[in-house]
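Dropping the structures in below, format is structure tokens.
Paired with subunit B in one complex and with subunit C in the other, subunit A is shared by the two complexes that follow.
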Partner chain A sequence: MSALLQYVISGLALGCTFALVGSGFVVIHRVTRVVNFAQGAFPVIAGLATASLLTRGLPHGAAELVAILLGGVIGLVVGVVAIGKPGTPPLASLVITLGLAIFAYAVEIIVWGDQPVSFPGLSGTVNVAGARIQQQYFLVIVVALVTFALLELFFGRTYLGKGLAACASNPYSARLVGISVTRMGLVAFALGGVLGGLAGVLVTPLQAVSFDSDVTLAINGFAAAIFGGLMRPMMALVGGLVLGVAEALVAGYYESAFQTEVALAIMLTLMVWQASRRSALEEA
Partner chain B sequence: MLEVDDLVVRYGAATALDGVSLRIEQREMVALVGPNGAGKSTLLNTLSGILRPAAGRMRVEGRLAQVPEGRQLFPDLTVEDNLRLGAWRSGDRDPGRVYRLFPGLMRLRRHHAGTLSGGEQQMVAVGRALMSDPDILAVDELSLGLAPLVVADLVRHLRMLNEERGMAILLVEQNARLAFDICGRAYIIEAGRVVASGSCAELANSPEVQRAYLGGSTDEYEEYDESEESEETTR
Partner chain C sequence: MNRPTFGYAVAALAAAASFAVPLMLDRSQLTIFILLGTAVIVTTGLSLLMGYAGQVSLGQGSFYAVGAYTAGLMAVHGLPTLLGLAAAPVLAAALAALVGVPLLRLRGHYLAFATLAVQLILLSLVGQFEFTGGDIGLRGIPQLGVGDATLIDPLAYAYVTLAAAALVLLVTRNLIKSRPGRGLRALASTEVAAESAGVPVGRYKLAVFSLSAAYAGLAGGIYAFYLGYISPGSFPVLLSVQFVVMAVVGGLGTVWGPVVGATLITLLVQALNSLGTMPGMPAYAPDVLSYAVYALLLILVLLFMPRGLLPSIGSRLEDRRAISPTRS
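Moving on to the complex of A and B:
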């Protein structure tokens, strides 16, 4: 019983980080129709940067904040390269982000080396119904939930958020009312970078990251994102939590090496299901 | 108010506008009439800054707002959000002035724009354009797919904007009879060129225009125009 609780809570925390990476995919895809293959690089760079900043003597909090902002800046740079030239087809932008993801490997290895890096998060444990749970798990869950609430407020209540939603809804009309669709796309990329960076600073104390951790993070994040058809941030949260718990249970009771396979299986099943539902609608 | 000289617009290799010149004076209502594919929407999108001309000059005095062909709302956003987004360029985001013009929209302000009837959507499209407080309103296919009574009601609003607020209006219409009836002057455009222009009365009397754009002699629109004051707009 206490083992199950342990797995569920660690799974929820891990799922929250997938959801944050996934919401980055969603925000960028909604506004620009581009699937950002460099999305996994944001958490990796933020995690690695936080570790470096902490060893340089920056206090907790400040180091994480700088790393998250760095994620936003890198998101913006990826955006400028991928969609900065108006009229670039989304498929071409997608290929550019794939290239940038590989380029990021080189930069990360030069700056941080190829060994996994971690840093301590919240120390201490809490006793929940007989299970000893690391406090970091609760921190991850609370921060992620607050972030998703803020995202909803941002898109639902602010004028800038509505402008982003307008680009997603009808880019032609967005231009007609004077919204620069390219500039809004860059805002989306920067936001995607911040969300990825946040995921990175939260997950690194739980799982050490190295340059190639982006694959796991991106696959899980993408799988979470397609729960909402790459269009709804809140569904990415649901998707992330489902994935995280499923993977924690598989890892706990069966074999931890199968984590990514679980994500891929769930993702493929969902995609096939969504595709068949869509074609059924079209036939009707 | 608006001056366009020898405008050339291309889509890739295809020339959509081939030396179009056009003028709109202050407080004028001008019709732009022509067959499908003539380049009417292309001209409006160029004036709106969405398309870039390959050659020619255009000068817009003040602000131009467009009501695009087929409404083109933000379907998954509310009516109120659609209206507020119309003010992206200008300052005043309060949609109250649009609700005063179209009181029917007040009741629908929390509905998603995509769930509205065609006539209601066209009101939102006009309202969204008005939110930028334009000096010139360019309307593309006002009557497209709408019941005649709904069209008559929208026409009444356009007239009011023109007469009471002095807004210049450029009206693109497939229904030439309707356009000639509302506007003072008209341009007829075919295959990217202006083939005729002048006062609507003159054009309506020209045999070629009658044959090509006014069909027989039935006066459909007038009928609806007379009934507009007494009857409710149908939904």
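Moving on to the complex of A and C:
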């Protein structure tokens, strides 16, 4: 029983980080119709940067904040390259973000080397119904839930957020009322970078990251985002939690080598199922 | 010179050059030549898929792996090696046809992620199974040959690769010129219009997907026989990315684009590799340089020459010929 509880809570925490990466996919895709393959690079860079900043003597909190902002800046750069040039079709933007993800490898290896890096998070453990659970798991869950609540408020209540939502629902009429769709796209990329960075800062104490961790992070995040058809951030949270718990249970009771394959299989099934319910005209 | 004759002249020149070049290469250069040839074969299929069927595959490495493992496993179990080489593209195409039925309902970004997922699943399965040698891989794959006569000389492999590449290019050229080829071009621009004009969209997409997989499988078979050792680590996701870079840089949907793209990238990466392994360079230099080159070429070409090097340069030359007053 206590083992089950442990798996579920660690799964929920891991799922929250998937959801944060996934919400980055959603925020960017909604506004720009680009699936950002470099999404996995944001958490990796933020995680690596936090570790370096902490060893340089920056206190906890400040180091994380700087790393998250760094994620936002890199998101903006990715956005400028991917959609900054007018007339770049979405499929070209997709391959450009893939190129940027590979470019990030080169930069990450030069700056941080190719070995996995981690840093200590919250160190204590909590007793929950007989199960000893690291406090860091609870920190991840709380921060992610607060972030999603803020995200909802941002899209619903603020001027900028409403502008983003307007571009998402109809780019043409958004332009008619004077919203710059390209600028909103760049804002979306920066926000995606911040969300990815936050995920990286939270997950690195739990799992060491190295330059090529981005594939796993991106695949899991994308799988979470697929739950909402890449359009609804809240569904990415649901998707992330489902995936996280499913993977933790598979790893705990069956075989940890198949952890990612669970995410992949769920993602493929969902995508094919969603596609079979859309008509060709709707997609074109 | 009018266009078709010009094209044939270039093709003849390229053929003659690629026939003569292996004779002048040493052993390690021949290995590069063979890998280049297999890259041309895979990229030709991917270019067909991306350029004509308008689909991005980030999992071409998985079909390469299927071809390599098919050939390797059959040969290791004592079956004739030629049979293994013939089965490699067939099995790769069969797998593509199988996964293609559900996957090709997806388009664009979704398909790209799905093909990537297929490769990751395949690699992890290959790493788990006993009969594929697990993560350690498959060793001692015999040399390609008929009966007792086996190919040991890398030069012979160079010509086998060359013949395979020529076959693949010929099939591709004839396909593009044929009636199905025109149908494919129609479906690349708008599927709905192509469908209403009587192009069997679903069947054609599946056929091109399978054909591109067959090319990759053939290349994988040659690779397995030449190196004699394969493991899941031989087919990383980066390999699939590399094929995409070659296809995009060379020019999608052209016959010669993949040749140009693969040659350019292979030579560039080799040059940077020797630069990166020079004394005084850090240990990570070769990796970093090749990542940077893939990335920068991909991004720059997509932003500034979206049709790829070959078509962009070709049309620029044509413009110049068209406006020059000496030619009327």
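FYI, the second predicted complex is superposed on the first by the 278 of 284 C-alpha atoms of A that agree within 3 Å, B and C clash if a C-alpha of one lies under 4 Å from a C-alpha of the other, contacts with A are read in each partner's own complex, and residues count from 1 in each chain.
Heads up, the rule we're going with is that a contact is a pair of C-beta atoms (placed from the backbone, for glycine too) under 8 Å apart; a residue touches a chain by one contact, two chains touch by 3 or more.
Just so it is clear, the model here is predicted, and its values are computed rather than measured.
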First (subunit B), second (subunit C), both or neither touched by A:Ala265: second
Touched partner set for A:Ile219, first subunit B, second subunit C, both or neither: second
Touched partner set for A:Tyr159, first subunit B, second subunit C, both or neither: first
First (subunit B), second (subunit C), both or neither touched by A:Arg232: neither
Which of subunit B and subunit C A:His60 touches, first, second, both or neither: neither
Subunit C versus subunit B, contacts on subunit A by residue: C
List of subunit A residues in touch with subunit C within their complex: 29, 34-35, 37, 81, 85, 88, 90-92, 94-96, 98-100, 102-103, 105-106, 109-110, 113-114, 215, 219, 222, 257-258, 260-261, 264-265, 267-268, 271-272, 275-276, 280-281, 283-284
Subunit C to subunit A touching residues, read off their complex: 56, 58, 102-103, 105-110, 112-114, 116-118, 120-121, 124, 127-128, 190-192, 195, 237-238, 241, 244-245, 248, 284, 287-289, 291-292, 294-296, 298-299, 302-303, 306
Contact footprint of subunit B on subunit A as seen in their complex: 159, 162-163, 165-166, 169-170, 172-179
Complex contacts: residues of subunit B adjacent to subunit A: 48-50, 66, 68, 72-77, 81, 84-86, 88-89, 93, 128, 132
